[in-house]
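Here you go, one structure.
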Amino acid sequence: MFPGAGEQIDAMVSPRIAQIPTFARLPFTRDPDPRVTSGVFLGVPFDGGVTYYSGARLGPTYIRIESRLLRPYNHALKIYPFKVLGAVDYGDIDVIPTSVEKTLNSIEETIRDLDSKGITPFIAGGDHSISLGVLRGLSRHKPILIHFDSHLDYWDQYWGGERYTHGTWVKRAIEEGIVSSVVQIGIRGPQYSEEDLKFPEKSPVPLTIITMDEVAYYGVTWLTSRLKSLKGKIYVSIDIDVVDPAFAPGTGTREVGGFTPRELISILRSLSEAEVEMVGIDVVEVSPPLDHTGITSLLAANLIYEAMSVKAVQTARKNLIQMS
Amino acid sequence: MFPGAGEQIDAMVSPRIAQIPTFARLPFTRDPDPRVTSGVFLGVPFDGGVTYYSGARLGPTYIRIESRLLRPYNHALKIYPFKVLGAVDYGDIDVIPTSVEKTLNSIEETIRDLDSKGITPFIAGGDHSISLGVLRGLSRHKPILIHFDSHLDYWDQYWGGERYTHGTWVKRAIEEGIVSSVVQIGIRGPQYSEEDLKFPEKSPVPLTIITMDEVAYYGVTWLTSRLKSLKGKIYVSIDIDVVDPAFAPGTGTREVGGFTPRELISILRSLSEAEVEMVGIDVVEVSPPLDHTGITSLLAANLIYEAMSVKAVQTARKNLIQMS
Amino acid sequence: MFPGAGEQIDAMVSPRIAQIPTFARLPFTRDPDPRVTSGVFLGVPFDGGVTYYSGARLGPTYIRIESRLLRPYNHALKIYPFKVLGAVDYGDIDVIPTSVEKTLNSIEETIRDLDSKGITPFIAGGDHSISLGVLRGLSRHKPILIHFDSHLDYWDQYWGGERYTHGTWVKRAIEEGIVSSVVQIGIRGPQYSEEDLKFPEKSPVPLTIITMDEVAYYGVTWLTSRLKSLKGKIYVSIDIDVVDPAFAPGTGTREVGGFTPRELISILRSLSEAEVEMVGIDVVEVSPPLDHTGITSLLAANLIYEAMSVKAVQTARKNLIQMS
Amino acid sequence: MFPGAGEQIDAMVSPRIAQIPTFARLPFTRDPDPRVTSGVFLGVPFDGGVTYYSGARLGPTYIRIESRLLRPYNHALKIYPFKVLGAVDYGDIDVIPTSVEKTLNSIEETIRDLDSKGITPFIAGGDHSISLGVLRGLSRHKPILIHFDSHLDYWDQYWGGERYTHGTWVKRAIEEGIVSSVVQIGIRGPQYSEEDLKFPEKSPVPLTIITMDEVAYYGVTWLTSRLKSLKGKIYVSIDIDVVDPAFAPGTGTREVGGFTPRELISILRSLSEAEVEMVGIDVVEVSPPLDHTGITSLLAANLIYEAMSVKAVQTARKNLIQMS
Amino acid sequence: MFPGAGEQIDAMVSPRIAQIPTFARLPFTRDPDPRVTSGVFLGVPFDGGVTYYSGARLGPTYIRIESRLLRPYNHALKIYPFKVLGAVDYGDIDVIPTSVEKTLNSIEETIRDLDSKGITPFIAGGDHSISLGVLRGLSRHKPILIHFDSHLDYWDQYWGGERYTHGTWVKRAIEEGIVSSVVQIGIRGPQYSEEDLKFPEKSPVPLTIITMDEVAYYGVTWLTSRLKSLKGKIYVSIDIDVVDPAFAPGTGTREVGGFTPRELISILRSLSEAEVEMVGIDVVEVSPPLDHTGITSLLAANLIYEAMSVKAVQTARKNLIQMS
Amino acid sequence: MFPGAGEQIDAMVSPRIAQIPTFARLPFTRDPDPRVTSGVFLGVPFDGGVTYYSGARLGPTYIRIESRLLRPYNHALKIYPFKVLGAVDYGDIDVIPTSVEKTLNSIEETIRDLDSKGITPFIAGGDHSISLGVLRGLSRHKPILIHFDSHLDYWDQYWGGERYTHGTWVKRAIEEGIVSSVVQIGIRGPQYSEEDLKFPEKSPVPLTIITMDEVAYYGVTWLTSRLKSLKGKIYVSIDIDVVDPAFAPGTGTREVGGFTPRELISILRSLSEAEVEMVGIDVVEVSPPLDHTGITSLLAANLIYEAMSVKAVQTARKNLIQMS
């Protein structure tokens, strides 16, 4: 019954409601073999960085459950993501629930280790503060940060000095020089002030804000065209609240009027046509206690699947080039 | 207070929260009079054919509750569906919860009996395996199967030999020669393999797959144009998971990125313009235990209402022709 | 910590999950100073006028909770609504839960008093019957009623003589001569009869019905163009069920196939470009017991925010004109 | 499949999840035959008399659904309640949702009619104001009122003159001279003042208050001994909030620290040993929107079943006496 | 991080919300070493044998999640159950969702294999039909069946011939001669007829029924005294509906008035004082879709823990005797 | 409408569903007058110290909502708690969500200030780590800590050095010398090791553990007798998980088999007969996202009410003594 890297437990033999839920029913291993595995799922069950509703620490648990429906072949991208990546479930990082900073260190260490072995992390959060730890672990790449969110997460600090939260990580990442540029997509909702959307002017690295209103006005195709022209290394970070609350009620800081999953998935897939190398990706802020029917976790599982597929397309293309 | 066939309890007299919930507050009878009744609602509370989450056996119970809001006149199609069909609530089929095959026999028998009297069944499932029983009962029509779903339901068997499940009924229906052709609409999500969407090539009857991606790309109007050109007898089977999980969380095998109800209803209504005769219709896979706020049952009730309206338009047109 | 009129408790000092939840964390006062305050939030926790599911009496409680996420600056309209209006939370009207008519009197009195001081009410219901009380309180303006709803609410009476319900208030308002004309937007779903949509022909004041089907067919831009050409005083009444049940499950009389929040918000914002004066606005029929994840209350809070922003734009424009 | 009065649809033939849910799967009739039927279930879907959370209008709908599990034989009381009573489901009274007083009239009329035919009503509310209408309909009996509740419901009026609410019906019933005495059981929770529990001193009819604290202190057996010594005609009214919120979360005015169902059922059963004649009974204040898992409706269905059993024991005993 | 048999992932190192949820965070293995492991957790995710609400197939998934809180030491029984048993999580049996009989075969085979290695199964269902498969696998022991349930499960067949369901397994087990006697504890609720509780008279093996009413009347101590006097091999089967619905809402066939967990756990623990050998145990009928807050799964996890503790006490005692 | 200290908004004038929800509808003030106010409600919306499920930061918000049912007179204790204490709602402490230690400082400061004015705090958490801050603020009293909980909270540290969590605060309080002795009531569930319940032997201050099993065995009266003999200053800290999950599902670390509210309230009330001075009290670990029907918040509100009543009895007695 138990499969090798990149293979799922066969649903035609063992029903999907059976067996301990690893991501997509892939094998679990803490020690992936870099010769066969170039991508792993891992969870970061931490929500100590949230400013509003907590609960995202349960994200990995419930995303795994809903991921049991995922199947091997991505018809839209014509790829077998798990097989191409030799994907496995790496388990979760041992976070320190009461300390953002120690948790960031833990994350950084694990990610750096995986990255050094050529293994790309596909991460389920956790709140958005964890992305800083991941980017630190990937610092040698200094990627473009593709940031899907309804919020800017670009504040300096909260409550008289708190510098590491889910609302400040973008600013920290820029300050720490670990991203080369930032593209923020889906920004919407009320802002603190008219200064908020002027951050790009002050940013030491190129920072582009694409609001939800702009996407609604110019169209998804306008956006995907822009993304397809990207070049270089990218890191993709998806705050699930970029999606409308109807499709993703299970998140802490909901903003009405967001993307539909059909839109977001087509945007994500467009990255498969860009000349980029995806060095990692996270889907964060899934808060199962607020997700009574599981649809937010299901969506997160599918977004990770699509991201794995994009990476697999890149990998297959690269292999093709290397072979030729 | 108690109405005749095709009439609802008057909400202006008896509030909609009152009285035992029959479908749309129509009269219940196990013995409809074919002289006045040409369409009945009936439930098939069976979920013994599911491969993933169970719960659809409660569909008829909750669809009836949410159907209490339905009113007599369909403004979009300019028709009084209940009146035209002399509609009644026939109650539920006595399924055998522990046996798919015996249940299929029960369904077949009831449907054949109704059909022989010229009464069209409008069915609330239950899981999708029940559609095979219905099609058997309607076998003399050998209709075109219009199948709305996110899944193909075209597998041969599960778990070493299970041939009758909600994932195999389309294959069985084709094998048994009880459908003349198949149109599958809304297919999406990960597949088992690249072979999956090549089923049409091997099918002994014409089988067309229209994916959700295609509809999103070409537009709903492209699809409705195609449907309007259909000719002959049709059977419509709607797996509620063809709709996006935000609109239909209460179903067992959810796939993100589906139709919106606005889209699906306009597609369904387009059948009123085709030269077809609808010999039956089902809405299946509504699973109330996963539908915390009742919106999935509500949608199912409305889809049945729209289907009744389409049939009523066909009936009215036919009557007009016969009269002239 | 405690702010003046138009100012919110600072989330960078006191986290949004803290403190007694007033609307948008604005100061509460029963005695707003007309020199600084030209707009107030107030709740009308009444659901004694509903014909179907009750629960809307809890609307104000939960809308306040979800409103804690609102921030000062509306980027889309380039305005600080709370600051411009000197907004405060006025608390709730002391309704009489067992009497529609006494409650209407209470509402009328409070609204008339606020209006006489030049203070615009931004109201959270409660069921739709309350809008009649508000319109009576604003009768000196005799505004155009912009009515967003999936239902016409234009019936004469229910159950042998009940004239004051959430389904009759539009008819009453017209009869009482307190609105100059009516525009109904979003109408959909089954009707009682083909006569229903012919109400405009019989109405003593101009009455326009714009169905959801029409908006879907002609496009949102078609609708906003029409709204931008409005002139005069307007009162906006939003039944949350104008939105699709996926986005607003928490309401009593849900109709599938409604607006998305993105559509509705862009329609609402278009009023900021019309030469109109908004004399009041309500968002009604939010029923928290049916809103398990809070997204309906969240949406209602945002709609009130957008309406305040529209009013603030009008106010700012007027001030500009007066200054020049 | 369809049974006669006093008989249920056979669950060994038609599974309990099937068929339109009448109470306990008994036959529905609006015109019970007094020769075979001496007890009917009926619903009163009204919640216009509540002072706090609404929702009880949905009580009859959901109590019927959960009642499908009830079976013919009460082993504890050694009786077949449905058979002895020739029980049927009478449907619901056509309440006027917006008017307490008109609804009371409707109830009174129906109950008086049934009572005149010798048919005992077993009622599912609805809020507690409805009990006044029932008692009016039964006024010829002037019964002892056995009132299970955590609240006294003995206030004179609310909000400057509202005399008919779920908090005033006991006072009205005493004033109207339609009960001979009152026993209130389960009273607990905070009171308005120390005067509250002194009502008995001022009551024109004997009024006994037995608090939850007393039952907890003296024991359930102490209470049942007292009840067994009752003589004469009784009417039993059970506010489901007499039960602890853990067992009955689905009600509007919950008080912690109430009865367990085991306690309440044994108390109810003790009435079968008293020399009393039960002329009617209601279970009220079940509010399904607050009852996410259905256990409150299930409990209510069982309480009605036990009350029917008590009545059946009385009936059987009387028949025995008459025969001898 | 990863522990040996009988050891849990250390919560002081890896927070309990982290890592893939095996039962009690014990190691997962499909091939337990009989030299160190004498007890395993295993799941049977099957609900194809239910007559009423489905959903129990998700039991193992959610019981594992809630089991993460379990700690090593049972203070009441003074034992380390996991350590003594060298416990591991064996995963789930590959059930055939559409076939009771094939699933029973699967179960039997696995259980027989484990039993032949001297490994005791601690099972999470699944519906109650699965217990028949387990008992078949343990047939060499012909144990006393200690059956906790609110229902007798002793019917011959349903729906014209269905002999394998969750309501017939006790009768089948007796007929098949695989239990030596039966003790049923907690029986309550309405029965089909007065014959139901007379089953013992007709049973070919000794069958004792202890109703909930008897336990309530004579006291829990009366019951535990009886249980402590048991001798021989026992199999314990716990239908979670033996517990009151307030404590276990998440089950399909709820009966009001059941045990409290405090009662049930003290009853279970009393078996540690009897001269018996527990050859297996199951906790069945946990239906997560009906268990909105997870407390039913949590209770099931604790019941399995207590049963493991009882077994561990027996094992420790036996070892002591063998050593002496 | 707006009342003075110790007075509630009159529910007979303004319905309880109306107005911004302060605790028990008492007036809100950040600056209570010590001449009239000797007790305040305050919230501490912090859950950064939890080791398992988060969510308790929303405790104060939802406890306030459910507290609207509280009335002025406690019949059991014959006291008007709000009036005697001149109670007000002080609002919430401005916690620092991302830092336990800074939050502890904030709490300490506020509590010390209130205490210096002779005002007793009645606190709604937040997680249990906050109690350490409160005890620090009350350090001049060095009270006996009466600790209701299913867990010991006496660990030294978590995850390699985290000393301030909801599982370590009792140990810290003892180490810091701010409590004179500790009584722990309700301890149950699995432990880490047999050493756990031997903490008292090593504790530098007297520490008594009373397990749930002991209370169940010896009876509640045995416990209340012991509590009535207490003398001196006490601080009462109630982890809501001391109550059984059926009554308090909304908490993060549930243990089956706990107190019923009836038991806990009678225990709490017994303190009114002891010669003690209550210097403060908290109810913590209420996690609304896990409390779907609000009963946990309701229970917490009632526990605070009973604690206020105990304090009021003490105050009244003291005043009586002073007067005499």
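Each chain carries a letter (A, B, C, D, E and F) given by its place in the written order, and its residues are counted from 1.
To be clear about the criterion, a residue touches a chain if its C-beta (ideal position, glycine included) is under 8 Å from a C-beta of that chain, and two chains touch if they have at least 3 such contacts.
This structure is a prediction, so every number in the text was calculated from the model and none was measured.
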{"item": "Copies chain D and chain E touch via same or different residues, half shared test", "value": "different"}
{"item": "Reference interface C-D: repeating pair among A-C, A-B or B-E with over half of contacts shared", "value": "B-E"}
{"item": "CA centroid of chain C to CA centroid of chain F, Å", "value": "41"}
{"item": "Separation of mean Cα positions, chain C and chain B [Å, integer]", "value": "38"}
{"item": "Centroid spacing, where centroids are CA-atom means, of chain B and chain F in whole angstrom", "value": "55"}
{"item": "Multi-partner residues of chain C (each touching 2 or more other chains)", "value": "13, 15, 17, 51, 53, 57-58, 94, 96-97, 158-160, 244, 246-247, 290, 292"}
{"item": "Touching chain combinations (by label order)", "value": "A-B, A-C, A-E, A-F, B-C, B-D, B-E, C-D, C-F, D-E, D-F, E-F"}
{"item": "Residues on chain C engaged by chain D in the complex (per definition of touch)", "value": "47-51, 53-55, 57-58, 94, 96-100, 102, 158-160, 162, 164-165, 287, 289-290, 292"}
{"item": "List of chain A residues in touch with chain B within their complex", "value": "11-13, 15-17, 69-76, 78, 80, 244, 246-247, 260-262, 265-266, 292-295, 298-299, 302, 305"}
{"item": "Touching residues (chain side chain D, partner chain F) in the complex", "value": "51-53, 155, 158-160, 189-194, 196-197, 211-213, 216, 244-247, 249-250, 253-257, 290-292"}
{"item": "Footprint of chain A on chain E - complex, ascending", "value": "1-2, 13-15, 17-22, 28, 30, 43, 45, 57-58, 60-61, 64-65, 89, 91-95, 97, 292"}
